[in-house]
Structures are given as structure tokens and as C-alpha cells.
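Read through the structures below before going on.
Each of the next two complexes has chain A plus one more chain, namely chain B in the first and chain C in the second.
Entry: the complex of A and B
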């Protein structure tokens, strides 16, 4: 019988404690992010599709069109084309296409790039109903980058 | 009696009550969503109108524009009647609730009895809806609602008898009038002469939560096990009416608690203080909405109880306590009166 009353009193007390906790939480600031209006910077090690690195000094990429990335890609995502041009030493990159629909983000291309011309981007807002939208022209992308 | 004026008054009051019930249902949903969101550190509706204030209108428009689907094999008349039957008694009850000395549609001698009588029709409507739906979840939910309401009607009525004993009337206006003169005279507080006031209040409040099927006693619509309970098969305004009925019942429960325990339209301060001491409908609404906020807060604090502990709470704790409370109060009234 004694347990009956202590049970009720203990229960009642815990109920009041619970209410005071929720009421206090109510007055605190929301901690959620209003996504389309606000978003977080992606973490540095996030793997988005690959992109050419822009060199701050030259204003362009450092690719030497060696084709190692193309060869090393297990999924055949990369198509590059280099040309000999007058007055320029080595080949000049004229096409760098990435078929992101097949990419497994394995990183082989990056690991095999001697001059370190490519990296993972931090692009994650990707959605489309057409798969052609995921065929990227990385050279064009580099030019559009500020 | 001039019939012409009476019909005119009737229409005015009817329209007023329906509008009041609808506006409350709409904006209590907003309060509920905003409250829940902020308790969980979210923001809740915020896109439609400033602070999401137009969200209820958008929801209403959406509900009304949807098709009212009547599934094959349901008990058609009952299926259609059930949502209406949740709403009509709720509107009826408003007739006898005194919002202030003057804002009152009908002053019944047995107003309290009438409210309780009409409130119990709601259970019948939920049972009808669940039964007519031809859906296992709905039937289980309806059975739960009925057993729950029967279990909680008993302590609730015993508490009401206690209050009637203390105030000596079933007329809501007189019950409020008996609590005039500031907070110390409210039925809630032991200073009223009855030291059991707080216990009476708590039991009544718990019972009113259970009677309105509110969390943590919302076993009828336990989403995690019963989808949506008795209104699983309802769409469009059928669902909308159930929803409005639920919120109207919450408003009624809070109003009734205000009348029985919190001194109705009287100010908690002594009447000698200007403005704040004056009694008015504002005080009534303040008390009522504070209670409703408590109801919302409770919903977002406690997990749903099991059917087992729900019935245990009623039969093993609330009923013995309310019976004891009734006897003790009767003794006190006899001694003091």
C-alpha cells in the first residue's frame, strides 16, 4: 500500500519535471537549418564529381593531357583530348568530359594524376530527370568558375 | 415570448459558434504545429504568410478541394453521418457555456449536465466512424476509444458531482458566481474552504484529456500502430470535420475547466484594482487558452500510454481518489455549511 502512494507521488513529480523541460526548450532558438534558404558548406573531404583545379597564378588548370586519368578510370567515365599547338610546349587540353552517371567516386583518376590537376568538387545539389545533365564538360566548368 | 427575435438570435449565435469553433480549430492546429516545432527546436510552418499564419487557410482550402472518397463496402449512412455527429454536439455545447456574464446564449439550470450529456455523444460518433469504415484499424481504434471513454467518464462525473456539491448548483453561471472575489475563492485552491481543491482539479484535468482523446491518451489514433485509427478511411472534409470536432472538444474541455475551477470570467485579482481587477470575457479567454497551451505542451512532452496502463490509471487511481474526494468534500460541506 505504501508503494501505491509513493508511486503516484514519484510519477507526478516526474511529469512536472518533464513539462518544465519541454517548456524551457520551447523558448530556445531553433537549431534546424532552413534548407533552400540556408545551407551548410560541405565538409572538406566530401567527394563530389571531379573537377579541374584552377591555379590561382596562371588562372587555368595544370593538366598536361597525359591521359592517365582516362586510362586509370575503372568505369570509363573520362574522355580527354589534347592537341599540339604552335608555340606551346607539350599538348594543350581541348576536351575534358566526365560521364558522372557511371563514376563510383573511387579516386583513381586523382591518384594517378602526376601534376595534381584534378580534385573532388564539393557539389552535392545534383538532381535532374535527364542523364545527359550529368555529362560534364570540365573545361567549360573551369572557365565558368570565378 | 417573441418568436421572431428568438429565431434571429438563434441564427446569430449559431453562426457565431460555428465560426468560433472553426477559427479555433484552424488556429489551434497552427499553435499545435508551432508549439511542437519549437519544443523540438524546429521552426514549424513559416512559408505561408508571416510566421506561417496563413497555413491553416491553405490547409482548409486543400481539405475542401479534395474528393470525399467513400471506400467500397463501408456502411454508407453511418460513414457519412459520423463526422457530422462529432461536430454537431460540440456546437450544441457552446450554447450553454458562459464566456462572461453577458456573453451566453442560453442560461440552463442544468447546463453542466447538458454539456456532459452532449460530450458523450462524441464517443458514439467515433464508434460509428470506426465501425462503418470496414477497416481493421478503425474498428480496433473505435473499441479502444469506447473503453477509454467509459473508464474516464466515471471519475469525471464523480468530480463533477463534487463540484456541484460545493457550489450547490448545476447552472454554470451560478458555479462561476460562487467563485467571485479573486483567486483565493476559486475552486482550484484550498483557500476556498475545500482543501481537496487541487486534487479535484488534477483528476478533472486528466479525465478531460482522456475524454477528448488527447495525448498521452490518444490511443484511438495511435499512428504507430493504428495508422490513423477511426479516421483512417476518411478523406477531405470528412477528415476535416473529425479534426475540427477534436479541437472544438479541447476548447470545450478547457472552457469547462475554467468555469468549474478557475473562476470563469472573474479576474484573479481583487476587484478594487482598476482594469485588471475587473471581470470580463478577456480573463475567461486568457485562462482558457493557458489551459489549452498546457494541453499542447503535454502532448509534446509525454509518450503515449499503453491501453493497459490507461485503464489502470483510471480504475486503480482516479476512481478511488475521486470517490474519496467526493466523500471528504461532502463531509466538509456538511461541517462548514
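Entry: the complex of A and C
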């Protein structure tokens, strides 16, 4: 019989303790951001889809069309094409396509790029109903960048 | 649901739990044979999220298999990253700089806490308590922010490379971790007041789903399930790897074997993770985070290799057979919750359905890792 009442008392106490915690939290400032009206700054290392880095001096990229990124990618996301052009040493990049639908953001392409020509972008607001919208032409993207 | 009367006053029926059920946390289907509210038999059915991860390991280079490790147990992906890179480093004889080892341990332990916090919230949610989930996610969010600043991702990390880490960490990250350690130390007592001491929770967990040490041995259960059955077995102590031998921490063990014991093991483990993180941050040396000579093309000598680490849910082991090529000849992944789930069938016999769900929650299942 005594156990019966201690049970009830113990139970009531645990409920009071629990409710007092909830009450204290109730008056704290909310931590939720009201997206899309507010949003967080992406961290510098955030992994968005890859992009060619624009060299501030030359205004273009550093890619030497070696094809290491293409070869190291686990999911065959990258297709590049380099061409010999008159008067230019080495190959010139004429096509850099990324199929972002298959990319796992592993960073193998970046880790294997000797000249350091590619990086992760900070793009995260991506939504579409068509797959093709995620097939990026990175050269075109580089040109459009300011 | 089909019903087949067995006798006049007894009716058994089959009940499908899942593959789309909130309590199974993923696409797990459990075929239940019920006698009223009681479970007569429970047969887990897998295969709904099979992605052939083992086969993938056999048709791509060692380095290309790295991102797969983030997609097995997506809640503690870094332990899996760690297990795999350590295996390949062992195979190819790559030395890892000390700073990288410390970074690996700090980030893995942070990930372990975030995994336990998510389990804590979701488990109490399964039992009908909604509020603790929000508190747990508040804390977990802090970890995700910290890890995002270092690894670039929030969930499916692919941060370690053979021979080190993808990038160095800043002092900001280390001080952020220390601030988090301090914060969680004040939050854990609150969790105990709010949840552990709650009479409803205790009544639903104490004595429910007893798993004996013998049963754990039989099914190969590891992790908090095993330690909740009174066996002190943690690979970080028993088969030490990385820098764990240099750190001072305890392995929480509870002998009762019920759902409450497994609950307490995980709660106490979070405290121990905090201790590990604190010590590692105090000791972390300066230096490079990548080994100098890592071959671009890794071709380990032919042979049979094995490495196991303690993930948040138990022993994660990889066995890889190499024939000297740039990719594995055979890749076998041993995931902890596959074994932990296996004992569900035997242990849940005669249980009330509601208790069965509480029991399942206490096993902390992650389906993509059971069903690779």
C-alpha cells in the first residue's frame, strides 16, 4: 500500500519537474529562422556543386584539360574536352559539363586537380522539376560570373 | 491483413509493420503474427533499400568508394569514413600525421554525440513524448553547424582521405567544440530531469525487452545493446585504433539488459564523448593534416584485410580482399544494426505490440545500414 502512494508521489514530482523545464524553455528566444525571409550564411567550406575558379588577374580559369577530375569521379559526372589551338601551349578547354544529378559531393575531383582549377560553389537554392536543369555548363557559368 | 481463426476463442492475424511506418524509421518491414495485442512472431523483412554497396566497392577504385561510406549509417557517417580509411591505410602502409588523427577523433566523437542525440529525440518521440525531440535537435544543430564548417556537409560526410583529412580545422572550430562541450554538460542533467526521471518513461522501459548477454553473443549484437546487457566490450578499448589509447574515458555498462539499460548506456556515452573531445582538443598538436607521400593510385598487396571500429551503434567492420589491383576483389561490410535487429524476432515473442515498438526504438536501428 505504501508503495502505491510513493509511486503516485514520485510520478507527480517527475511531472512537475518536467513541466517546469518546459515552462522555462517556453520563455526563451526562439531559435528557428523564418526561411525564406531569413536565411543563414553558408560557411566557406560548404559543398555545393563544383565550379571553375576565376583567376582575378587573367579573368579566366586555370584548367589544363588534363582530365584527372573526369577520371577520378566515382559517378562519371564530369565530361571535359580540350583542344589543341594554334599559338597556345598545351590544350585549351572547350567543354566542361557537370551532371549534378549524380554528384555525391565527395570532392575527389577537387583533390585530384593539380593546378587547383575547381572548387565547391556555395549554391544551395536549387530546385527544379527537370533533370536537365542540373546539367551545368561550367565554362558558360564562368563567363557569366562577374 | 489476413485473419485465420485457429480455434474458437483464439484468433491470430498477420500484421505488417512497415515498410512505411513512423516507428521503423525507414523502410523496414516487420511481419508480425499477432494474438490480440501480443506478438507471437516477428519476422523482419529487408530489401527495400538495397543499393549494392558491397558490389559498388568491387567495381570502383579504393578512393572512389569513399563517398559510399557516408551513405550507410547516415547518422554517424564519420565512424564509417574512419573505418574505411584506416583499413586502406593499413593495406597500403600509409602513415597518418598526428594532427589528422586528433581531428579524426574529435569529429568522429562529435558525430557520435549527434547520432545519440537524434536517437534520443526520436526514441522518446516513439514513446509519445514530443518536446525532448526539439531540445535534442537544438543541440544537434550546433554539432551539425560545427561539422559543416569543417567538412562542408551536414549529414553524408566524406571528409577523411587516405593519409589524413580533406582540410585542416581552424581554432574557431576547436573553441566551438569546447563551447559545445560546456553547453551539453548543462543540458544533459536537464534531459535526465525531463526524460530519464519521468515516471511514464520508466514504466515503459524498465523490464521491457530484456536481452541477455547470451542472446547478444548468439546474434552478434554489439554497441550499446551489448553494453546494456552487462558486457564491457567497446572496440575503442578492446581493439584500440587511432589515438584512443592515449585518451582517458570510461565505457558505460549496465547489466539489466532492458530498454532502460540501453537508454542509459547511450546517455552516459555522450558524457564520455565530451571527455574524449575535451582531452583531444587539449592535446592536439600542430602540423600537417595529410601524409606527404600518398600514392595517387593505391594498389595494396594481394591479401585479405580486416578492420573494425566502434561506430555509434556498434562494431562496424570491413573485410576487403585485394588481388593487387586498384580496386577490391571482394568487399564485405559488417554493420552493427543488422545483428542488433536479428535478435528482435526472438526477444519480442510474447511482448505487447506497444512494448515491441519501444524495444525496437531502444535498438537504435538505421535501415540503410542494415540493408546495404
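Criterion: the second predicted complex is superposed on the first by the 106 of 146 C-alpha atoms of A that agree within 3 Å, B and C clash if a C-alpha of one lies under 4 Å from a C-alpha of the other, contacts with A are read in each partner's own complex, and residues count from 1 in each chain.
Here is the rule we go by: a contact is a pair of C-beta atoms (placed from the backbone, for glycine too) under 8 Å apart; a residue touches a chain by one contact, two chains touch by 3 or more.
Quantities reported herein were computed from a predicted structural model and do not represent experimental measurements.
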| item | value |
| --- | --- |
| First (chain B), second (chain C), both or neither touched by A:79 | neither |
| Which partner, chain B or chain C, touches more chain A residues | C |
| Partner chain in contact with A:120 - chain B first, chain C second, else both or neither | second |
| Which of chain B and chain C A:111 touches, first, second, both or neither | second |
| First (chain B), second (chain C), both or neither touched by A:34 | first |
| First (chain B), second (chain C), both or neither touched by A:101 | neither |
| Partner chain(s) touched by A:25 [first = chain B, second = chain C, both, neither] | both |
| First, second, both or neither for A:145, with chain B first and chain C second | neither |
| Residues of chain A that lie at the interface with chain B and also at the interface with chain C | 15, 18, 21-22, 25, 31 |
| Residue numbers on chain A that touch chain C, as the complex places them | 7, 10-11, 14-15, 17-18, 21-22, 25, 31, 43-47, 72-74, 104-108, 111-112, 120 |
| Chain A partner contacts - residues on chain C that touch it in the complex | 60, 63-67, 70-71, 131, 135, 138, 141, 148-153, 156, 158, 161, 166-167, 190, 193-195, 197-200, 296 |
| Chain A contact footprint on chain B (complex, rising order) | 35, 37-43, 46, 297-298, 300-302, 317 |
| For the chain A and chain B complex, residues of the former touching the latter | 8, 15, 18-19, 21-23, 25-32, 34 |
